[in-house]
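Next up: the structures, one after another.
Both of the next two complexes hold chain A, though its partner changes from chain B to chain C.
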Partner chain A sequence: MSEMWLNMGPQHPMTHGLWNLRVHIDGEVIRDVDPEMGYLHRGIEKLSEDRHYNEVVTLMDRTCYVAGLAWEHLYILASEEALHIAPPERAQYLRVLCEEFQRIASHLMWYAAFVQDIGLMTPFLYGMRDRDLILDLFQSYTGARMTYEYMRVGGVRNDVPPGFTDRARQVLDWLEPRFVEYDQLTLGSDIFHKRCDNLGVLRANDCVTQGVTGPMLRSAGLKRDLRKDRPYAVYDQLDFEVALADTADVTGRYLVRLEEMRQSVRILRQVLDWLDRHPGPVMASQLPRWLGAPYAPVGREGYLLKRNYPKGVGFSAVEEPHGEALAYVVNEGGEHPYRVKFRSPVYANIAAARHYLVGYRVADIPPIMGSVDICVGEVDR
Partner chain B sequence: MSNATLYSVSYDLVHAVLFAIGSVLPAPLHGWIESDGLVTGLAVLVFGVILLAASMLNTILLIWWERKLLGRFMDRRGAMHVGYAGLLQNFADGFKLFRKDTVRPREADPLGFVTGPTAYMVTSMIMFGILPISSGWNSGALPLSLLLALAVFSFAPLFIFVSAWSSNNKYSLMGGMRSAAQMIAYEVPLLLAVVAVVIVAGSFDLTTIVYEQQNYWFWGPLFVALVVFVAGMLAEMERIPFDLPEAEAELVEGWNTEYGGMLFAFFMLADYLRALVGSILVVLLFLGGWTMPSWVPSVATSFPLAGIVWFMVKTYAVFGVFIWIRASLPRVRTDQLLRVGWNRMIPLSLLSVFLAAALVTVKCLPVFGCVPSPGI
Partner chain C sequence: MKPEDLARSLPPVLAPVLLGVEAFPGFAARVRFRREGALDVFRAIHDLGFTHLAMIGGIDWVDHREVIYTVWSDEARTYLLLSTDVPADDPRVESAVPVWPSANWHEREAWELVGITFDHHPDLRHLLTPDGYAFHPLLRSFKIHEPEELEVKTRHV
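Take a look at the complex of A and B:
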């Protein structure tokens, strides 16, 4: 078998979405790779310019379908800055609750997909089973399991229902011993170490030059987490550690994500305690009318109010489960954002594929790309 | 029932039916229908059909067993809705595949594309004519049945490679190459492990090998050989952790990527046929076949067809271990697999041969007892 180009994708089990990894192989050895994205482009940034501020939240759920709430948070933070609106503290805690539960759910989804990539079938279903508990929690207060549409400019749509915090604590109590079980199923196996140690190595300086962020960066030993380095919402009031590893390989990324789930549980316990102790409003009281009632017809009065509303730009950076997501929202006056721009962490992580794939084998592609944690929805937007 | 074999039963059946028909027919037809050639020919046919039905039924049951057990390992129920506890699910799946059109890629080689899976299936089924399931299964007239079984078993890489190459698909080709490399590499330790058994039993006849295990089953004294044999069988069956020829994560479906409909069903069935054959070989060579140890109360071993029942119990238990392995291990990489095959398995299998030779020399072991009749 001589050298050839192999199209892994756009429809391929390894891709976990819709993109194409062109691989130049020599036998089983990878000589070159060429990632091609764009198969899932839906023009979300352009669509956002045509919608009310709160209607864009709907698109955010579709941007990353496994971490919708994190992307809602990202957009809401930027547009609140652009619109000069400050949410109440309880809403901020609720957003952190959303984001951390979403982080666990996303990492569980990643865990399930990743172990499937190296041929482990049982933990795949364990991961999906436990993720379902979190989706049930989401359903209990957002009404949806995947497309939540929960956050609003100025707060969140509704408070959590009575008894929610206890149910959430039950889920956390169930999850914590599961993480030990996950480790036993993967790290306990010699084959796992044979497959994943020293695989897909991307050192910290390469990560920085390629814009690779998130667990991939932290697995290379660089202590960089936006929740600590550029605290948003109420993360500066919460006590947690940044998950780190220094091997820069697939095993390192695995360890970082598992540790992040544990830290998320830790954060969530604090958040749930805070929510129990501090009842209060979840929406800002001083909202312009055209924002407060986004689905009501905008009358003459609302239009006038809107015209006098101050302009502004908003920037936000959120440590999304996949990495650092950035958003930029321009408010030129008017009920729609003038321009919305996102930075997807996964796009940069995939684009650097040449730096961590070349030299390994075809059979290594699924674990390496699996360890990147791909969500094509946010890559193409 | 003691001396009846499956063939003699089918011969008697055909004989009785043909003679009943012949008795009412006029003379020339009467003589023709009762001729020995016709009876023998039809008896062979009936024998084959019974074997075919039994092997197919067991294969489908095996798939059900795997689905259910795998489901339990994964904290779910497996197939539940078609038939009791999903027993008929696989029949439904089979009929669905049977009704589907077979799509052949335009650039695929028509001859290889169709003959590959068919030959793979046929060679897998031939095995069932060779393997004795109980004392009354076949006449034991195959003094080299073990050798024949392994020879037929090792046809597979050829046909897999033919079908992979003729699919004209890069994934298929890579899967086929991996499959060929893997099966050939693991054939050697597999055969050497078998040699250990043959040394102790002193025969290549599977029936004799089973009866040589009357004092103790071979899994204890030949434990190294058992480990090598099971690992080799896993590689031959292409199951996790050695399922990399069809590693769906990178190779889509490996060598059967381009297959659909009945040809895919052939591959699927043949895979499980081979899995069944592998489990049966483990039972025959290491777990005493249809015999049970003497401490088992005779009530449990003397009912009609007890041999077949115990054999099936053991076979499904062995396959249960394979399912367990599948549920708990990740997949290895080709180079790692081959390195383990050549660097670890072959020395281990040579060790097992050495241990078997030592056992035959010593003749008796403290716990297990004595070698019944060391032949070599």
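Take a look at the complex of A and C:
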């Protein structure tokens, strides 16, 4: 058979973003792959060194454009540790509210794009329709549907408006029966099973060696979820299960993501109940003025000169919709972070592409790469 | 896992290359080591159960550079920070790919952005920047823009 290198991307429906998958094929069989990244590299880590701590939040929405709030949460947790600032409890619950709604929105976006890849058109429209309900909620308290800029060092920008919790519950009530419909549309379809079963298999030890995390790892049966294993914010006070599957293939990843959405609904109901019962401040009471936090109260401490402020290093790890995201923020005095380093889960998941693509056919690439849930913004940063 | 327990469980032959095992916020501990013994330290840490390498980053401290490794243990359920200093005029360290294959892309990134060379890396190519790109953007000497002299014009004097 004839062997050749084939370019899939940067403009290809499979990529879901801007990157290039170079495939070495022997006839129809994949012999080797070499992902080429960097088309979307904006130097976010470098730009962060030139901005105030709160201005970096703007970049976080652009880092991952389908899970902006999860990345804001990641960065804010690390910079608060570096700056020795603690947020009030209500702000932490609001951040969890943001992250879990964002998880559902991100998974719905993935669901819509993925099922279209494998040839099912109707679920695409259903997924996008239901995601819009969550974006409407975001809009009602952050003012934006995509680039929220909601979280601040020391808390969140503003509280949710009156009546928000009831509207949010209505959305959850609408969503829950929809998950059953999604399963009927996909798992009930022969096309789905023929295109997804036993495809893109990546077993648990390979996942660990290759640094693969998130739903891909959990679909291989390894129970690791940072919300449980290394609880941040208020996740240790919330009751939920870790979604698991054991098939390690495309179908397994589908099942894990669907179950994660159900668990997110469960978390959100607890968070909404808590928010109803515990009104309070959403921003730390005293913040240093040099932080440049708009809408933030400035206390006596606020007039501290920056040079008197303690240095520090902040580290945070967040279970983002795509997997485990890490941030490392170095505060060396000065009004800007000295160095910001992010770890994107999709970065590691794409790096392992050789291990779940080689041996399959060219036509298998769209469903397999679709099941990885790619967001190029956070890979290239 | 406490830093003292970790220090005790590391093999004694590593003593000459270890510079310290200390408490560090967010991590079980920070292990500082000399770059000459990097591969031995990686193997010892990997054997302690830290099988998942999460990220590798470089920090430019102007007079020297620091390479940080973040590893996770599924048994201890905790992160560990490994750190080594390399001189700015000879920024090289042994590649971690033989121990953690996932280090591949992280080292490529640290090489092109912070200018740290990883010896015996299987495939040290540009990843995020174009081939032949001659700069290391995350060095402090790489300025995004020079401060500009702004002329302020106003009608109200």
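In this text, the second predicted complex is superposed on the first by the 367 of 381 C-alpha atoms of A that agree within 3 Å, B and C clash if a C-alpha of one lies under 4 Å from a C-alpha of the other, contacts with A are read in each partner's own complex, and residues count from 1 in each chain.
Here, a contact is a pair of C-beta atoms (placed from the backbone, for glycine too) under 8 Å apart; a residue touches a chain by one contact, two chains touch by 3 or more.
For clarity, every value in this text was computed on a predicted model and none was experimentally measured.
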item	value
Which superposed partner A:26 touches (first chain B, second chain C, both, neither)	neither
First, second, both or neither for A:241, with chain B first and chain C second	neither
Touched partner set for A:315, first chain B, second chain C, both or neither	second
Which of chain B and chain C A:132 touches, first, second, both or neither	neither
Touching partner for A:118 - first (chain B), second (chain C), both, neither	first
Which superposed partner A:276 touches (first chain B, second chain C, both, neither)	neither
Partner chain(s) touched by A:197 [first = chain B, second = chain C, both, neither]	neither
Partner chain A, residues of chain B touching it in the complex	70, 73-76, 170-171, 173-174, 177, 240-241, 243-244, 247-252, 326-336
Contact set on chain A toward chain B in their complex	1, 4, 6, 8, 12-14, 28, 115-122, 124-126, 129, 185-186, 189, 191-192, 194-195, 361-366, 370
Parts of chain C lying in touch with chain A, wherever the complex brings them together	24-27, 51-55, 57, 59-60, 68, 70, 74, 77-79, 81, 100-102, 104-105, 113, 126-130, 137-138, 142, 144
Touch list for chain A against partner chain C, complex	37-38, 41, 43, 45-47, 50, 81, 208-211, 213, 222, 224, 229-230, 312-317, 324, 326, 328, 330, 338-339, 341, 343, 347-348, 351-352, 380-381
